[in-house]
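Each of the two complexes below includes chain A, the first together with chain B, the second together with chain C.
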Partner chain A sequence: MVNYLIFILVVAGVYALLAQSLTLSWGLTGLVNLGLVGFFAIGAYASAMTTKWAGWPIPLGIAFSILVGLGVGFLVTISTLRLRDDYLAIVTLGFAEVVRLVASNEIWLTGGTDGIAGVPSIVPRAWGPNYHITMLVIVTSLAITVHLLLNHLASSPWGRALRAVREDQVVAAVAGKPVVLLKAQAFSIAAAIAALAGAIYGHYTSYVAPEIYQPLITIYVFLAVTAGGVGRPLGALIGSYLLIGFLELTRFMAEVVPGVTPVQAAATREIMVGLALILLLRLRPDGLLPERNQRAPKPVAVHPKGTTS
Partner chain B sequence: MDFYTGLMSVSQPSPQPLLSIEDVHLAFGGLKALDGASLTIMPGRLTALIGPNGAGKTTLFNVISGLLRADSGRVALTAADGARHPLERETPDRINRLGLVRTFQIARGLPKMSVFEHLMLYGPRQPGESLLRLISDARAVRDHEAALAEKALAVARRVRLDHLLDNRVTALSGGQKKLLEIGRALMAEPRLILFDEPAAGVNPTLAEEIGDQLRAIVAEGRTVLLIEHDMALVSRVADHVIVLALGRKLAEGSFDAVREDAEVQRAYLGVRVEMAA
Partner chain C sequence: MLSSIVQALLNGLVSGTILAVPAIGFTAIFAVLRYPNFAIGSLATIGAYAGWYANVRLGWPLEASFALAFLGAGIAAVAAEWLAVRPLEKSGALMMAICSLAVGIVLENMVRFGFGNDPRGFNVPLMRDIRFGDLRISPQQVENFAVALLLMALLWVALNFTRMGRAMRATADNPELARLKGVEPATVAAITVVVGGGLAGVGGMLVALDTAADPLTGFRLILSVFAAAVLGGLGSIPGAVVGALLIGMVEELTVLLLAPNYRTAIGFVVILIVLTIRPSGLFGEKSG
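Then we have the complex of A and B:
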C-alpha cells in the first residue's frame, strides 16, 4: 500500500512537470500544444536509447533528452509560425501521433511496438522500498525546482511579454516585442520540460513503448492546468496532484458502488472526472489559483512634476 | 532620462523630414486603398491626417507601422543619429525599436493584464525580456524594472489612470481605454507617435483633455501624426494638416488654408459645415 501511494506521488510529480511545461506554452504564451505527449515520448526515447543501447551514463542521457526536446520544440515552432489557436492545436495533435507512429514502425530505430524494456534506473532497484522513496524525492524536487524557475520567468519582464503575445500578438509586436522569438523560446523550453518529464518517467518505470504515449495524457495535463489555474505555475503544480489524486480516488469509488461491472466502473470514473471539472469551472472559472497580475508599487510621495522623463 | 528632447525640440527644427512616404500603393483586390500616397512629416510638430472615410488613413498607418506591406513605394524614418531607415520591409517590433509607436482606433487592450502591466510592457529596451540577461544580469534587470515602474506611475498620473493601476483593462471605461492608449505610447519613449482617432467616441470634455495631452506630447519635443475626424479638435491642436482622399494626398497646409480649399470641400461631399471648426 505504501509503495502504491509512493508510486502515485511519483506519477503526480511527472504530471506536475508536464503541467509546468503546458503552463509555459499554453498558459503564458497561448500556444495550444495538443502534442505535449509527443515531447514526453521523445524525451523518454532519447534518454532510454542512449543509456540502454549506447551505454551513456544516466545524467548524460537525461541532459540529451532535454536538448532533443529543445531542438524538436524549436523545429515545431518554426514550422507552425503562421498557425494560431485551433490550427496550431490540430497540427501539434498530429505531431504527437507522428511521434507515436514513428516509434511503433521504425523498428530499427526504436524497437517498434515491443518498446525498450529494461531501461536503466536512476538508483538501483535492489534498494526495494528505498528505491521508490528515493525516486519520489528526486521527482518531487525536480518538479519543485522547475516550478520555481518557471515562476521566476513568469513574473519577469520576459513572462510579461509572453502574456502580451498570448493576449494580442499585434499589440505585442507594436509594443516592440519580438513575437516570433518569444514564441520560439517559450515553446522550445516547454518542450524541453516535457522531454525531461518523459526521461524521468522512462527511467522510473524502466519501460518505454509507443502505446504508453496516448493523447489522453495530454488531455489530463490540460485538465490539471485548467483546474489549477491557467497562467499560474503554482496552480498547475497543485492541479496535477489534485488530478492524480482524484483519478486514483475514483478508481476506488467506482469499485465500492454495488452492482457495476468493471467496464461500467471504468466509465463511471471518466464521468466523475468530467463532472468534477465542470463543477470546478462553474465555481471557479479561472481555476483554483487564477493568474496573478504584477502589482504596481505604491508611490512613495506624489511628485506632480516630470512625467515621462 | 528623455534622450530625445534636446535633439528634437521645436525650437531647433531639423530641415530633414522625420518620416517620408513616397508613392505608396496598396490594393486590396480591386480596391486601391493607397494610390500613390506621398507625404512628409516634419519633426517636432503635430501633423493631422484628415480625409473622408475610406480615404486610406488607417491603411497608411498600418503600412508605416509594419502591420501591412505596401505593394510598392518607400517609407523611411530618420533615426536619432540622422540616418534614414527604410521601413517598408521591417517588422512592427523593429519599427517600434526605431522610435515609432502607434495607437489603435478601437483601443486594443490585453484583457488579462492590468493597467500597470500595460504601461510596463511598452517600456523600451528591457533587459528583463532577454532570457540570457535574466540569468546573467539579474541586478540590471531588477534596477531597470524599478526605474520603469517609477516611470509607469508618472505616466499613469499624467493620463489620470493612477487610481486604476492594478485593475485589469476590462474594468476600464471607453474613455479610460483611450487614455491608456496614450499612456502606453508615452512609455515607449518614441520620437514619432501615430494616433489613430484618439478622441473617437469620447465625450467633449474628454476630447478636450485628449487634445491637451497631444499638445503636451508635442511640447516635450516629440512628433505626432494624428488621424482625427473631430474637426474642432484638429483645428485646436494641429500645426499642419494633410488631407488624404482616395488613397493619395489631396492638399496640405494650415487648418484654415486646407478648410478653404475647394478640392477638399468637394472630397468631403461639399459640406462646408462639416469642416467648420
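Then we have the complex of A and C:
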C-alpha cells in the first residue's frame, strides 16, 4: 500500500512536469499543444534508446531527450506560428498520432509495438522500497526546480512579453515584440520540458512502448492545468496532484458500481475525466489559483513640480 | 504496375468521396461556428453504431440505417454543442476546440460503455467484385460511393436553393451582415451543427460498412478529415470535397508505394506542407 502510494506520487510528479510544460505554452503564451503526449513519448524514446542501446550514461540520455524535445518542438511550430491558433491545435493533435505511428512501425529504430523493455534506471532497482522513495525525491525535486525556473521566467520581461502575445498578438507586435520568435521559443522550451518528463518516466518504469502514449494523457494534463489555474505555474503544480487524486477516485468509483464489466469501468473513468474537463472549463475556467495580474512598476515622478500632465 | 496504380486511384476515388462526407461536416461547422470541432471523430463513431444498430439489431435496410446514422450523430452533436461548447463562446475558439475534444472523449466512451470494444459487422450480403479487365471494385464500394455522391448533391441543393441554406452561407461569409439581414445566428448555428454532425455520422457508417464499427472507427478517420479540410481551405465546402478526393487518392497510392501502416500519416504530412506553402488551402479564405 505504501509502495503504491509512493508510485502514485512519482507519477504525479511526472504529471507536474507535463503541467509546467502546458502552463508555459498554453497558460502563458496561449499556444494550445494538443500533442503534448507526443513530446512526452519522444523524450522517453530518446533517452531510452541512447542509454539502453548506445550505452550512454543516463544524465547524458536525459539531456539528449531535452534537446530532441526542443528541436522537434521547433519543427512542429514552424509551419503554423504565423497562422490562427487553431491551426496549431490541429497540427499538434496530428503530430502525437504520427509519433505513435512511427514508434509502432519503425521497428529497427524503436522496437515497434513491443517497445523497449529494461530501460536503465536512475538509481539501482535492487534498493527495493528505497528505490521508489529515492525516485520520489528525485522526481519531486525536479518538478519543483522546473516550477521555480518557470516562475522566474514568467515574471521576467520575457514572460511578460509572452503574456502580451497571448492577450493580443497585434498589440504585442506593434509594441515591438518579436511575436513569432517568442511563440517559437515558448513552444520549444515547453516541448523540451515534456520530453524531460517522458525521459524520467521511461527510466522510472523501465518500459517504453507506443501503447503507453495515449491521447488521453494530453487531456489529463489539460485537466490538471485547468483545475490548478491556467497561467499560474503553482496552480499547474497543485493541479497535477489533484489530478492524480481524482484519477484514483474515479478508479475507485468505477470499481464499486456493481455489475459493470472491466471495459465499462474503464469507459466510465474516461467519461468522468471528460466531464470534469467540460465542467471546469464552464464553471471555473480560472482554476483554483487564478492568474494574478502583475502590478505595474511604480512610475517615477509622475507630476514633477512646475509641469502639467 | 500501371494497372495497380489505376486500381489505387480508383480505390482512392471511392474512399476520397466517402471521406468528403465527414470532411464537409467538419469544415461546415468551422465555417459557421468558427472553431475546429474535435468531437467529429466520435460523432462519426456514433453514426457508425447508430447505423449498425438499425441494420443489425432492428433489421432495417441500409437506406433507413443511413438515416438513423445521420440523426443519431446530428442529435448528439447539437446536444453537445448546447450543453458543453456553446457556453464557452465568450472564451474564444481555442477553448471551444479544447472543450470539443473533451466532448469527443465522453461520446466515444459512452459508445464503449454501451457496446464494448468488439468490432461490429453490418448485415450486408457478400458479393463478388465487379471486374473491368484488371480493375476490380466491390458492389458495396459502388453503393457507398453512390450514397456519398447523393448526399453531397442533396447538400448542394439545400445550400443553394433553400432559405436556410442561403442563411448558412451568408453567416459563414459575414456573420454581422447576415444578422443585419434578419438571419437568426442561433438557429443557423444549430442547424449547421446537426447537419455537420449528421454528415460525420454517415461518414462513420460508410467507413464501418467497409470493415466494421468499433469505438475507434471515427478516431482513425480524423487525421484524414483534418487533412482534407485544411487542403481544401478550412471553412470551404467545395474545398473539403476536392481535398478529400486528393487525400483519398494520395493515401491509396501511399499504400501501394510505402508501408500501408503509414496511410494515416500522409494526412499529417499534407497538413504540414499546405500550411507552410499555402495556409489558405486550395479554396480557402485568408487565414492569417
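Going forward, the second predicted complex is superposed on the first by the 263 of 309 C-alpha atoms of A that agree within 3 Å, B and C clash if a C-alpha of one lies under 4 Å from a C-alpha of the other, contacts with A are read in each partner's own complex, and residues count from 1 in each chain.
The rule we apply is simple: contacts are C-beta pairs under 8 Å (C-beta built on N, C-alpha and C of every residue); 3 or more make two chains touch, one makes a residue touch a chain.
Because the structure is predicted, anything quoted here is derived from the model rather than measured.
In the superposed pair of complexes, A:S104 makes contact with chain C only, with no contact to chain B. In the superposition on chain A, A:Q185 makes contact with chain B only, while chain C stays out of contact range. Look at A:L153: by the touch rule set out above, it reaches chain B but stays clear of chain C. Of the two partner chains placed by the overlay, only chain B lies in contact with A:G231; chain C stays clear of it.
Listed in rising order, the residues of chain C touching chain A in the complex are 35-36, 38, 84, 87-88, 91, 93-95, 97-99, 101-106, 108-110, 112-113, 116-117, 222-223, 226-227, 230, 234, 259, 261-262, 264-265, 267-268, 271-272, 275-276, 279, 287-288.
Chain contact summary for the complex, chain A toward chain C: residues 30, 32, 34, 78-80, 82-87, 89-91, 93-95, 97-98, 101-102, 104-105, 216, 219, 222, 261, 263-264, 266-268, 270-271, 273-275, 277-278, 281-282, 285.
Remark: chain A residues 152-153, 156-158, 160-161, 163-164, 167-168, 170-179, 185, 231, 291, 293-297, 299, 302-304, 306-309 touch chain B in the complex.
In the complex of the two chains, the chain B residues touching chain A come out as 1-2, 5, 65-67, 91-93, 96-97, 101-102, 104, 108, 110-114, 116-117, 120-124, 126-131, 134, 141, 145-146, 149-158, 162, 165-166, 168, 184, 186-189, 220.
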